[in-house]
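One chain, subunit A, appears in both complexes that follow, with subunit B as partner in the first and subunit C in the second.
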Partner chain A sequence: MPTYLRSRSFVALALLPAMLIFIVFAIVPIIWSAYYGFFDWSGLGSLKFIGLDNYEMMLQDPIFWRALKNNLILVASAIIGQVPIALLLALLLLKNSMFNRVIRSAVFMPMVLSTVVVGLIWGYIYQPQIGLLNTVLEMLGLDSWIRAWLSDPKVNMYAVSIPINWANIGPYLVIFIAALQNISSEVNDAAKIDGAVGFRKLFYVTLPNIWDTVIVTIILCISGSLKAFDHVIVMTGGGPAQSTELLATYMYNNSFTVYRYGYGSAVSTMIILISALLIGLNYIITKRRG
Partner chain B sequence: MKKRLTLVITLIALISLLTAACSSGNQTNESHEGGSNEKVKLTIWHNFAGDDLRAKAVRGLIDEYKKANPNVELDAQAIPVDGYRQRLSTVAAGNEMPDVFFVYAGSQSQEFYDAGLLQPITPLAEEYPEWKGNFMDGAFDRFEFEEGQIYSAPIGLSATSFLYYNKDLFEKHGVKVPTTWTELMAAVKTFNDNGITPIALGNKAPWVAQSTILGSLADRVTGTDWFLKAVKGEASFTDPVFVDALGKFKELVDNKAFQEGANSIDNTQAEQYFIQGNAAMMVSGAWTLTNLAASATPEQVAPIEVTTMPAIEGGAGEAGTISGGAGGGFALSKKTEGAAKDAALDLIYSISGPDGQKAIAESNSMVMYKMDLASSNVSPLYLKAFNVAMEAGITPVYDAYLSAEAGESINNGLQEIMMGGKPEDVAKKLQDAQARSTQK
Partner chain C sequence: MLPTTNTRAAAADPRPQPWKKPLGLLLKLALFLYAAFTLYPLYWLIISAFKSNQDFFNRPFGLPAGWQFSNISRAWELGDMGRAMMNSTIVTIASVVLTVVLGTLAAYALSRFAFRASGLVKGLFLLGMLIPIHSTLVPLFIFMNKIGMLDTYWSLILPYTAFELSIAIFLNIAYMQSIPREVEEAAMIDGNGWWGVFGRIIFPLCLPVIATVTILAFLRFWNDFSFALVFINSQALKTLPLSLSLFSDGFGTDYALTMGAMFIAVIPTIVIYLIFQEQIMKGMVAGSVKG
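The block that comes next holds the complex of A and B.
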């Protein structure tokens, strides 16, 4: 390989187009949005500078806190649900047999489906009168468990989080399989000779070897859950009465349904701050353990 | 090097193509040269560009006018609904309105009037008084910017609150079709006792309960005048009368008038639930006619009847009304004068006049013009609804008058009541939201 290909300037040059696109379409809008967050603005017409009033209003709005709580439920369900299940499936489906490949595609399938389709499918599963779930419960004689899954505020947030987890396991499975295949066979052989099998092997050999991957997946889970939007919009629209409102749907409704564009911008800036905070927290915790 | 040159040339070609495409969209209309000579040039803009029956009917009317008036050189532009509002605002800003154009009732036509872009079509009303008299009450309310002057005639009605009911279920269980609140509650009880959902409701998109039920329910309790005052801030939504109105809605909820989980299914699913005979009633707008016509079998539709929401004893509002709004109509540009103006008025009359209204009504869509459709080839269910609407007074739809934020607040508030919330709290939130937006 010629040396100039390895030089820093070439790397910089090669990255430049992608960086430019990223800056123009991601970084600049974030800065603009943060800027609009200081204004009372309907999206049209004149901007009125109001300093931090939007943030003050946000912190006083109980719906904002409910949205944040719902997002944290999603984050928790993603970390408790998606990561361990994906890891378990990856361990089970590691070998490249025909059967395993079929199952892997099946697990990945919902990821390929449009989120609208996923939302509609689960909307029908949860449908209160003719839905699959309630019908099955009725057949099993569990009539007392039957409820309106998506409109009962006691359960609907959990009901909503299941399809989101279901749809998102696929990529983590792929990431984990790749990481597991990267563990060199010497390590595995050595573990076998030393008699490490089962859980012992998992905790002392496998997990430490893929720990970096686990951290990355947790970060992906956090950021993915904080910007969750599409499944919820399709299944409940953030309702009923904003009981499944997430930060993103809260931001969307404020900006585009009631035309408080400045306020919506402030909310989106807040989402970035919360996201950064959680990821930072995760970094500190996992680093200590690693 | 050569490659780069080709690239540059391609880019230039592309850009020039784009600019050409843009500029061709901005043709100005030179249409006022008529007057002395015979030939008159007219432009008309409308948004009936789609493939639905109504759009075809309106385009058909324009074509007929073209044929009947060979001396008029008519340039008709059908602009898709999505972009129509904006296209019109753009030419309005440049004071280059087409001679005749479709305007929505409400804020859009008000803005054009305020900007001095419209002239009244009152001459038509003077020429054809019988035509004007045939409109439903209140049809011209939103086009009468000055006393005695009308600026457009509505060619549509968006009715949001018919009470659809399944005749067979009522007969089978010996229930009287409710004409009063007491009768409605009795019907709710009987149907519940027999394991039938009294009223199908799909309130996942939260405007449904507000637009179909609350509008006419609250109007019966508060009266229309109170609501219009409350919108302007001269009365408060925390007034006991409105809390009572919300209380009526809560009464429906508490008596299990709606099926379980109504907040998580959408309007179309509720329609299906109703048409399959699982529910005895459904309160919904004229759109349900279209949906049922498209998806239900004739046997399913046969037992469905249409009426208005029952009266509420002791309420301040009138009974027998439906909530709804005047649809848009065709308006006349201020700049159109002389022979062109006469031709333009003729054109408006040929779309909005008796024949035009009939053609539109026969495309199975509601109009505000009274007529006998019995012999026309329209769907039976539509005919029933049309006759109900002809007899009914029209009362305001809440979210057409409230600010966006207040509309959202009452939409969510009704869901909250369905989940056990208190009418007082919902009323307070609505008042706060409306006050916030009227202050600005």
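The block that comes next holds the complex of A and C.
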């Protein structure tokens, strides 16, 4: 066999299995999801074509908007909480000393725990009668603060957002440390000669130099919130009365608790459209700056 | 920008700063406290796993009055955690092997051979890092239901592999670019075909990046909840996270038992993390920035 044919068959055989699995289990489902989104289907019986009715229903469903709002609460809590904490920690843990490495590892640790374990542990922390949080509040004499953290609709979405942020600070910390260590020593030297120290250095030299990274982390917060699912399913299941529903749990509950597969597919497609929009936005921002 | 003047330059000169040392210590203390706060829920899980139910209620913050190993053995047998551990192990190992072998092979084809569709194929795999995984749950469920794949190990192994292939391929391509082509040419002259070059030269040379891919894939598969939740129904096939999520319903107020079960589930990941921290931190960030 001639060499070029041999290498051609090698390439085909080397790529084929990976492509087959990837296309069947990751790409095709998206196309199907778009397709089923046009039907009314309970999983049994025949599919009934209803055009864009599922999307219309979605936009008229207050629960959909609540889920979207809850996703936005997650994004906001990440931008207000996660990003500044990670940045502050990165500034303090910049040097590669032994102490700093240990602290960094500790901060990253929750990231490798199963989301179910994280959800369950925080479920115990928030438990109204025997939970750690209420016990501590009682010991401190703050009885008026005691509440059912995961069932009171006034606070439960915020309560849910804390463990999600807690578990995800690690990667942001590592991203910021890498960005800060990338600032060339000349920039730092110049700042020193200019007399920029402390906060002045932070705002006039350090932050402008890592601004692109800050933007990237904010985009990560947004796309990360669309991936939030496990913690909420474990802690509240989206309840009570759908008060902690997220887009992903809304999709799950519609499909697998009330068996509206057509509608669930439409929600899936909506999630894909929203993330495609965000990815496009991300692309434009990073291209314009890079 | 700040003006450069002599007085400013002078201000930056090193001079005695007596407040610096205590401030540094204070900062270290604050960082230590923050780290302790981060680890506390995990610490609490571990001490609670060794408490009796009564101890758990009465002294939630204290160390166990007597260290009870019975929670763990009871969870292992009564709670069927042994079975769940075996299911998780089977599914994780099979998916990791598939991901590593197929991913490295595909990366080799994409990094060394210029063919017309290679850009398109790379773009397609890149898409895999951007797809929100949960949006595939419904269509995959319908598809697997049709072909009778639901409630089998394959219903987890194949989707896990599909979604981890992208990161495996891109980490491998990046690494392969650092391997000089002369190495392969020499092996070709020695009479190896492409498969021989791949198996005897490229795969062994890529072992460092394969280690990273393996660790990341292990963590992702071992901890996965959503696919298992939707695709697995029979008790005999439940993985660790899925069994855990149902534990608190099944055993009601037997908190000590649930804690023991969680302890069993987290120990493997903690051990792996303690050994491979640096690789995990870097690899997870590489994956999340692209995704």
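One rule holds for everything that comes next: the second predicted complex is superposed on the first by the 242 of 290 C-alpha atoms of A that agree within 3 Å, B and C clash if a C-alpha of one lies under 4 Å from a C-alpha of the other, contacts with A are read in each partner's own complex, and residues count from 1 in each chain.
Heads up, the rule we're going with is that contacts are C-beta pairs under 8 Å (C-beta built on N, C-alpha and C of every residue); 3 or more make two chains touch, one makes a residue touch a chain.
Every value quoted in this text rests on a predicted model; they were computed, and no experiment measured them.
Chemist: Just to be sure I read the superposition right, which of the two partners does A:283 touch: subunit B = first, subunit C = second, or both, or neither?
Modeler: Once the two structures are laid over each other on A, A:283 reaches no partner at all.
Chemist: Of the two partner chains, subunit B (first) and subunit C (second), which one does A:237 touch, if any: first, second, both, or neither?
Modeler: So A:237 only meets subunit B here.
Chemist: Tell me which partner A:257 touches in the superposition: subunit B (first), subunit C (second), both or neither.
Modeler: It touches subunit B, and subunit C stays clear.
Chemist: With both complexes superposed on chain A, which partner does A:117 reach: first (subunit B), second (subunit C), both or neither?
Modeler: Second partner only, subunit C.
Chemist: First (subunit B), second (subunit C), both or neither: which does A:108 touch?
Modeler: Second partner only, subunit C.
Chemist: Quick check on the superposed pair: does A:153 touch subunit B, subunit C, both, or neither? Answer first, second, both or neither.
Modeler: Touch status of A:153: first partner only.
Chemist: For the overlaid complexes, name the partner, subunit B or subunit C, with more touching residues on subunit A.
Modeler: On the superposition, C touches more of the residues of subunit A.
Chemist: Using the superposition on A, tell me which residues of subunit A are in contact with subunit B and, in the other complex, with subunit C.
Modeler: Dual-contact residues (subunit A): 123.
Chemist: Which residues of subunit B touch subunit A once you look at their complex with the stated criterion?
Modeler: My answer: residues 203-206, 259-265, 269, 273, 278, 404-405, 408, 412-413, 415-416, 418-419, 421.
Chemist: Mind listing the subunit A positions that touch subunit B in their complex?
Modeler: Residues of subunit A touching subunit B: 123, 126-129, 147-153, 156, 236-237, 239-243, 253, 257-260.
Chemist: Sort out for me which residues of subunit A touch subunit C in the complex.
Modeler: 6-8, 10-11, 14-15, 17-19, 21-30, 32-33, 36, 43, 89, 92-93, 99, 102-125, 130, 132, 135, 166, 169-171, 174-175, 178, 192-197, 200, 204, 216, 220, 223, 226-227, 229-230, 233-234, 248, 251-252, 255-256, 261, 264-265, 268-269, 271-272, 275, 279
Chemist: Residues of subunit C touching subunit A in their complex?
Modeler: For subunit C paired with subunit A, touching residues are 1-4, 7-9, 11-12, 27-28, 31-32, 34-36, 38-39, 41-42, 44-45, 57, 60-61, 98, 102-103, 105-106, 108-110, 113, 115, 121, 124-125, 127-128, 130-143, 145, 158-159, 161-163, 165-166, 169, 193-195, 198, 219, 222-223, 225-226, 229-230, 240-242, 244-245, 248, 255, 258, 262, 265-266, 269-270, 272-273, 277, 280-282, 284-285, 288-289, 291.
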